[in-house]
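In what follows, structures are represented as structure tokens.
Paired with subunit B in one complex and with subunit C in the other, subunit A is shared by the two complexes that follow.
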Partner chain A sequence: MSRALLRGAAALALLGALAGCKPDEPANSGAQPVVQRLSEQQYRQTIADIFGADIKVTGRFEPIVRREGLQAVGAVAATVTPSGFEQFDVMARGIAAQAFDDAHRARTVDCQPKAADAPDSACAAHVLARYGRLLFRRPLTDDEVKDRVAVADAATRSAGNFYAGLQFALATELEMPEFLFRIDRSVADPDHSGQRRLDGYAKASRLSFLLWNAAPDSELLDAAGHGDLDTRRGLTREVDRLLASPRLEEGVRAFFSDMLVFESFDTLAKDPLIYPKFSTAVAASAQEQTLKTVADLLVRQNADYRDLFVTRHTFMNRALGPVYYVPVASKEGWEPFDFPADDPRGGLLSQVSFTALYAHPGQSSPTLRGKAIRELLLCQKVPAPPANVDFTVVQDTSNPLYRTARARLTAHRTAPTCAGCHKIMDPIGLALENFDGAGGYRTTEAGTPIDASGDLNGRAFTTPIELGHALHDDPAATACLVGTLYKYAAGRAPVPGEAAWLKWLNDRFAADGYRLVDLLRTIATSDGFYAVSQPASASRDEANLRHGQGKEG
Partner chain B sequence: MRRSMCIFTVGLGLLATGASAEPANAPSVMPPAKVGRMHGYVMTHFYFAQPDTDPETDCPGGMTMSLRDDFIAQLPPADRERASQVTELGKVARMILATDHPKSGLKLGEWLTNKDMYGGHNVCDNPADYEYTQYKTIEHAGTAKGLNLDGTADGAATASTCAHKKFTGADGTPAIDNQMWRGFGCIKVYRHDGNMDWDSNIRTGEWTVLMEVSDPKGGGPDGDVDVAFYSGKDPVTLDANRHIPAGLSLSVSDDPRFRAVTRGHIANGVLTTEPVDFTFKYDNQIVHVPWVFDAVRFRLALQPDGSIKGMMGGYADIEKLYNFVVMPQSIQGAVSNKIDCPGLYAALHRLADGERDPATGTCKAVSVAFDVEAIPAFVIHPSDKQAALGGKP
Partner chain C sequence: MASAIARRTVLRGLCHGGRVALAVPLLDCLLSSNGTALADGRPLPVRFGTWFWGCGMNPERWTPKKTGPDYDLTPELQPIAPVRGKITLLSGFNVELDGKPNHVHWSGNIGLRTGAAPAQANQNDLPTLDVLIADAVGTDSRFRSLEVTATGNPRHSYSSRSTSVINPSEPSPLAFYTRLFGPDFQDPNGADFKPDPKVMLRRSVLSSVSDDRKRLLTEVGAADRARLDQYFTSVRQLEQQLDMQLQKPPPAEACRVPGKPADAPLGQEITQVVANHRLMTQLMIMALACNQTKVFNMVFTDSASSTTKAGTDKTHHTLTHEEAVDPAQGCQPQATWFEMQSIQAWAEFVAAMDAVMEGPGTLLDNCLVLAHSDTSFARIHSVVDLPIMLAGGAGGRVKPGLHVAGTGDVVSRVGLTLQQVMGVPVDRWGTGKMETRKPVGEILV
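== the complex of A and B ==
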């Protein structure tokens, strides 16, 4: 932790004590409010929740560039290009057409228009306000409702069909920034003079996207509307409800997908001559295996996060069976699977999702694996290689002098410009050399036995399993999870004024036995999670988004 | 289900340990696919055991007549040259019909006029009803593939077999029985350079044959073993190169008719099994005919790469064999594959050497031999699924 952070932490701890925060929660300065574009998964889930899972969303989502190691943070900087907006337009029209078609109308339109071929402003207002609230994640203002009804009535007159008018108006709601972006609206904090905090609806969005990776449901919006999320009791009640829901698994899966960079699977390819068993089905199954492992261990079993690095319990399907070379009884779907105690596999690092993703198309990569462990799991930045680096020795797998990756990297490290970084990546990456570039197990490379020994921050190991245990016991691993989860939840990197609060979060995580659900509860029920430091830019952002509400912020 | 420590367990005879997937040019070893004490396999190749012998030696003067040529041969000498210029079988058949005298001509006319060609009376569905002029079979006692099934050195009749000629194996193995090869060996498509590719039917999932072999009793690489054969319930899946990968999990058929359990012995890396009846399940879009074998036995060499290769010998009831091999092709297939159905059918009866009827002294089955290759696969039984799901069905 830098000196600046420490100074900030000390100052804010004092400030928190004076300001009357919860006894054990230090003050959190918060940061500027953010505006995050919905991810594809969040968009699709929201549509399914509101209109039904049978509504097809057809269109292309522009990618979100990863920032601070997370797409959730990159979403703050994400914009919508003209072609991207065209895609949102296509999707919006398609969704609206399905939502009010003959098959869905009885479920989605709960008022009877006076005539099927003429405007009915009252019915339209009822329907558009109902869906507008769920889509915008806050109630529409009267002016907003009037605007949408005017659109619906005009379209009805033009088409001669009430439902066509509704469709058109709904499509416009689906194209609005209020739907496509999560907007942190803030209000003055009545408990802390001169400070601000998120308003109730923004709190509801933060909670719901963090815990369910979905927009708030009607019950949560009701709680926000009643001011319940501004009270300790009301907030705790809603957090507990969301944590108790089976949908929590979706939220946890979304976080780990982001943390483990699983969108890279979309473009992952392996040389079929070298790794014929690797297929799109294997790639999809590998991701799912890890996410099922995470959800089972950390949500259903509510186990210690660190066990993720050592657990032998996972899930298997027929696509993965040949890669792991294990029997899979069920032809369809997944079944629980336990690697035996003396099996060389165990923990996240030995799963195909990790070993195949962090490898080259035609060979393993201790460097990529070591870098991933350092950056994703320990939050330790590895500098980029120099521009003039010579990879000749590393890439030449036919050199009889260097038959294994260890031998090649040892030779490569003799270059002083390379040695520094490789020293922190290679020892841990080489520990996974028993897994080839597609995740298959091997004991030799080019006929030479693989040496998987090394050390992690001074702790020696000789096998991938022992590396998992070293990671399990490394305090940087849990601190990294806390920091990454907070970045994911807030949509931004921590600021110096949050240092003491983050330390408190780490302490709580340790005191709770490193249980993720408890960590989520701590964050979601804290004051600091909703703190906002500076309203000026938020007001400017909102002004640009032609909102009808938010006079406060 | 827990994985047995297959990777580090010394299993059957020559089965190697460890697996390496890269680099591409490295010889890859398939570890045993072991569930409990049983090593599982899925067959990747199963077809007539075809020796790489000289066609002229096997069939002096050329291959046997096609169905079309046999029709032409039935025409009066004056019409044969004219008919040989006609390429369409139906026209040839009409010429036969027009001669108004051969027995086959009338029957062919029935086929030609029958609206329901598949259900109707035709020369390949009813081969005994038609004549043939000449059908060539392999008559020598030279080289072929197979096993000595009757235990005799000379093929003399026994209580359960009829007298027949023996072959000699390419490696010098004496007294080989393979009367099926005598019957089929002069049809071009059934020879080693023919165009029949039954392995593609395995790859497309039309049939899956599984095998289990236990660890040898006594703990060493040699010894007695339990062996089981099953028709598979699941189609195989292919890797990126459209090969069947090692380590697939494949369930056995629920139908007990498609299971066979026997005993075997491993010595010096070769597994031999005791005779057992086995029926292979075969299903594709239009053919649902099982392939029935009696008293089959295997001789399989355990390969250093983890696969097994060898041969299956046994007896096949002639009617069932014909029904499986020829009937599903329909007459169109038989014509294009140049199979003279009446000639083949009669030849198989003439060559029959197994399942002797003690009352009549005639045999109704032929000895057969098939090349077999299999790779490790996890063989899944219904009880395995229940165990994997914690006892829940």
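== the complex of A and C ==
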């Protein structure tokens, strides 16, 4: 652990101790509980955490359609199609086969079966209850354990092998909806009569997926089982533990990957003749560079979120060196890098991940970049273009009058139907025209010098760096982060009954110097984060009695 | 049949009978000796598919003057010359927006496939017609439907029950091969058949995944209940797949297990798209001939085609908006070049299906394939006069090789016709102004 990280952890512990008094938190109505499908990353992380990082997960995850700008919200509408389930079946059988093979058995099966070729219900129950709890993120009921043991025993008899029996039974656990979906369960809120809140295990899942993008570990499930997450002291203790862990970086990276639409990297390609430097390795490295920058700045340094738009500190590897025109000494891996004070690069917007992702395969795109800044970083919706819009007159790059994108777009947005939207996208997108469609720096387009000046909501700038500063100072940027993070954490858009609570969250963020870790703590230790508006069905109470409040066995 | 054996019974059988001792009824007695048709005289299966390309065409260079058979081949229909007699061209059919916005590259595609103009971009509440057809005819084949794309992106799929249930496209020919012809494949023409004990075991334990279905469904709200129910339906379909693997498959004379394709690079550069489309075509044809599915969906390029050509700076989509019209040719030459690649690929697909002999004719004769795009003239995202082609005879139920000119009719007439031909019991289809009870009678036998 680095010294900075240790310092961070000490500071966190101190803050945790101070957080003992209940902050002045306004009421939050909450909304209906959600049922969220695990993302690919969450699934993979869960398997690695439980069975070891060497277990291969082989199969295709069916895509989740973004909603409200986030995969995390899309996951609340996602289901499993027949071909999607076929893939989950392939993955489950593959994982289960590895988990109990000769190489892993000693670690994964901590009881000795009576015979290798006969059922041993007690040992099977022990193993399947242990993994079932970690997979379902709550203890299994007695009936559930019995059902899994019945599968294991029957399969053991059929296959003539105890471990084969375990394997089949574990595969079913991996295929069950209780694993593939996070099912929020709620209980009556004893602190607020007539209201509801998430039960302890649902709280544990919310916390863990938000902060680590992983399923709750055994310790957190214990805390949930003991009712600790329902007390301020117990909740604060667990939140501090999760925040102090190096795994917090994974959680923060997952959030930014979602916010910045990084799944587009899966299929991002550039024309190799126009951008010969851009390769699969560059694409992967560009994405990693941004996530490293984010994790370093916002978690390790615990710096102001707004600095992300202006920081000159980043990381380089061999693949990125030629794209940035900088020497990279390390043959393998990453090295810290600082752009000099007079360098045109600095901040998130100048990184290849942003400029290459928001561009065409063979061309830059001020409009796509302007739209991404407005929608992703400022949460300002840009209306869709009219269906019958005509771009041809102004997009003819062979026209000597319109050599640069600026010249072409200026002509285009004088058309009244186009003006409204392009006025809000182009001035900021054009500021990044010094970066070509693959993120390379340039000063001219078609022989004509690039003019990167413009304005953001009235604030003028002349360079990409100055655009970063304008974004840094725009109050919409921090409000956007709070709103997006809350949507990500809750799996849904805010409801009207949460307005006062969200304002409080924004105020706290400002008071804490726009530090993301503090914002995460505020959310995670609040009551509002766990509020539920009302039971979704009449039988929910009864179900919760059976499942939500089971103590650790 | 294995499918009729309750899970508890199977488990009990496994418990009491020791090593796999389940008898699975064989179906030999149900098959005629020559294997071309079922002994009870039922004809060969009729299959349905869709084939999609993005960014449309140029109506004035597309639509033939002559209707009926032997229609004239306009400049943009030249690639289908070798298979014209097998392709019916439908012109003059529109998506009626019904007061809703024209969501670019979405309303035309989804309007055609669901019979309703979608209220929001990237959302559709209604099932696409391939899903409706698969529900009616696809339940007795191994896969209810198969979706593939030549673009490398699994999100490029226009087959969905709703926005939450989009059937993802397989982008990799190698992965598609493995799914079809990998270890789980039962060769219909295999010399001997023995049910695989491992599959039996998988089948018997799989049902236990749904043990708590009832309880779970009572615990969640209505919308989540529908989603979980879809999950359980998906489990059920895998159970049915396994049931089928435990029965001797009926022989399929046209079935030839194809070779394993190389792991080709995936992407949207046009030469990659064309190469992967060819590989997917061969695999899909054999998936049909080997009775693995009766319904399929192929995507050649995506809605709003982001296909590229090496060394050029604009995608197909960008070209449709930004390229100037060449007055001599009457079109945007580069954008039209991409369109011609699409039509060429479609002609190749049809020819490949027609090259497989099956029964008294060809595989194509026993199929009905709908090819269409998301728009007619892409520059303005027109949803009027959408380009639509049908290939195949649907087992003698439709007349191939005609040009039928609608006169601005709702395109839901086409969807209604296809469903009726495929045996979906439906007498009207479409929503609002798209509702129709009038099939395209000209093509029916």
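Going forward, the second predicted complex is superposed on the first by the 510 of 553 C-alpha atoms of A that agree within 3 Å, B and C clash if a C-alpha of one lies under 4 Å from a C-alpha of the other, contacts with A are read in each partner's own complex, and residues count from 1 in each chain.
Basically, a contact is a pair of C-beta atoms (placed from the backbone, for glycine too) under 8 Å apart; a residue touches a chain by one contact, two chains touch by 3 or more.
Predicted model only: the values in this text are computed from it and were never measured.
J.: Mind checking the superposed model to see whether subunit B and subunit C fit together on subunit A or clash?
T.: The answer is fit.
J.: Go through the superposed model and pick first if A:360 touches only subunit B, second if only subunit C, both, or neither.
T.: Second partner only, subunit C.
J.: Mind working out whether A:85 is in touch with subunit B, subunit C, both or neither, as first, second, both or neither?
T.: After superposition on chain A, A:85 lies in contact with subunit C alone.
J.: Examine A:335 and indicate which partner it touches, taking first as subunit B and second as subunit C; both and neither are also allowed.
T.: first
J.: Just subunit B (first), just subunit C (second), both, or neither: which does A:106 touch?
T.: neither
J.: Quick check on the superposed pair: does A:272 touch subunit B, subunit C, both, or neither? Answer first, second, both or neither.
T.: Both: A:272 reaches subunit B and subunit C.
J.: When the two structures are laid over each other on chain A, which of subunit B and subunit C touches more residues of subunit A?
T.: Of the two chains, more subunit A residues are contacted by C.
J.: Between subunit B and subunit C, whom does A:447 touch in the aligned arrangement: first, second, both, or neither?
T.: first
J.: Applying the document's definition of touch, where does A:60 land relative to subunit B and subunit C: first, second, both, or neither?
T.: Touch status of A:60: second partner only.
J.: Note down the smallest distance between any C-alpha of subunit B and any C-alpha of subunit C in the overlay, whole angstrom.
T.: In this superposition, no C-alpha atom of subunit B lies closer than 8 Å to one of subunit C.
J.: Based on the A-chain superposition described above, do subunit B and subunit C contact any of the same residues on subunit A, and if so which?
T.: The answer is residues 271-274, 362-363, 397, 437 of subunit A.
J.: Which residues of subunit B touch subunit A in the complex?
T.: Contact set of subunit B toward subunit A: 1-3, 5-7, 18-24, 26, 31, 33, 35, 233-234, 237, 239-241, 243, 245-249, 251, 378, 380, 384-385, 387-390.
J.: Which of the residues in subunit A come into contact with subunit B in the complex?
T.: Listed in rising order, the residues of subunit A that touch subunit B are 270-279, 318-319, 321-331, 335-340, 342-344, 362-364, 397, 436-438, 440-447.
J.: Hey, which residues of subunit C end up touching subunit A in the complex?
T.: Of all residues in subunit C, those touching subunit A are 11, 14-15, 18-20, 101-104, 121-122, 143-144, 147, 152-155, 161, 163-168, 170, 175, 179, 197, 200-202, 204-206, 208-209, 211-212, 215-216, 218-222, 224, 227-228, 230-235, 237-238, 241, 267-269, 306, 308, 310-315, 318, 321-325, 332, 379-381.
J.: Which stretch or stretches of subunit A touch subunit C in the complex?
T.: Per the stated touch rule, the residues are 32-35, 60, 62-63, 65, 77-86, 89, 93, 144, 147-148, 150-151, 153-155, 157-160, 168-169, 171-172, 175-178, 180-181, 183, 185, 266-267, 269, 271-274, 360-363, 384-385, 387-393, 395-397, 437, 536-537, 539-540, 543.
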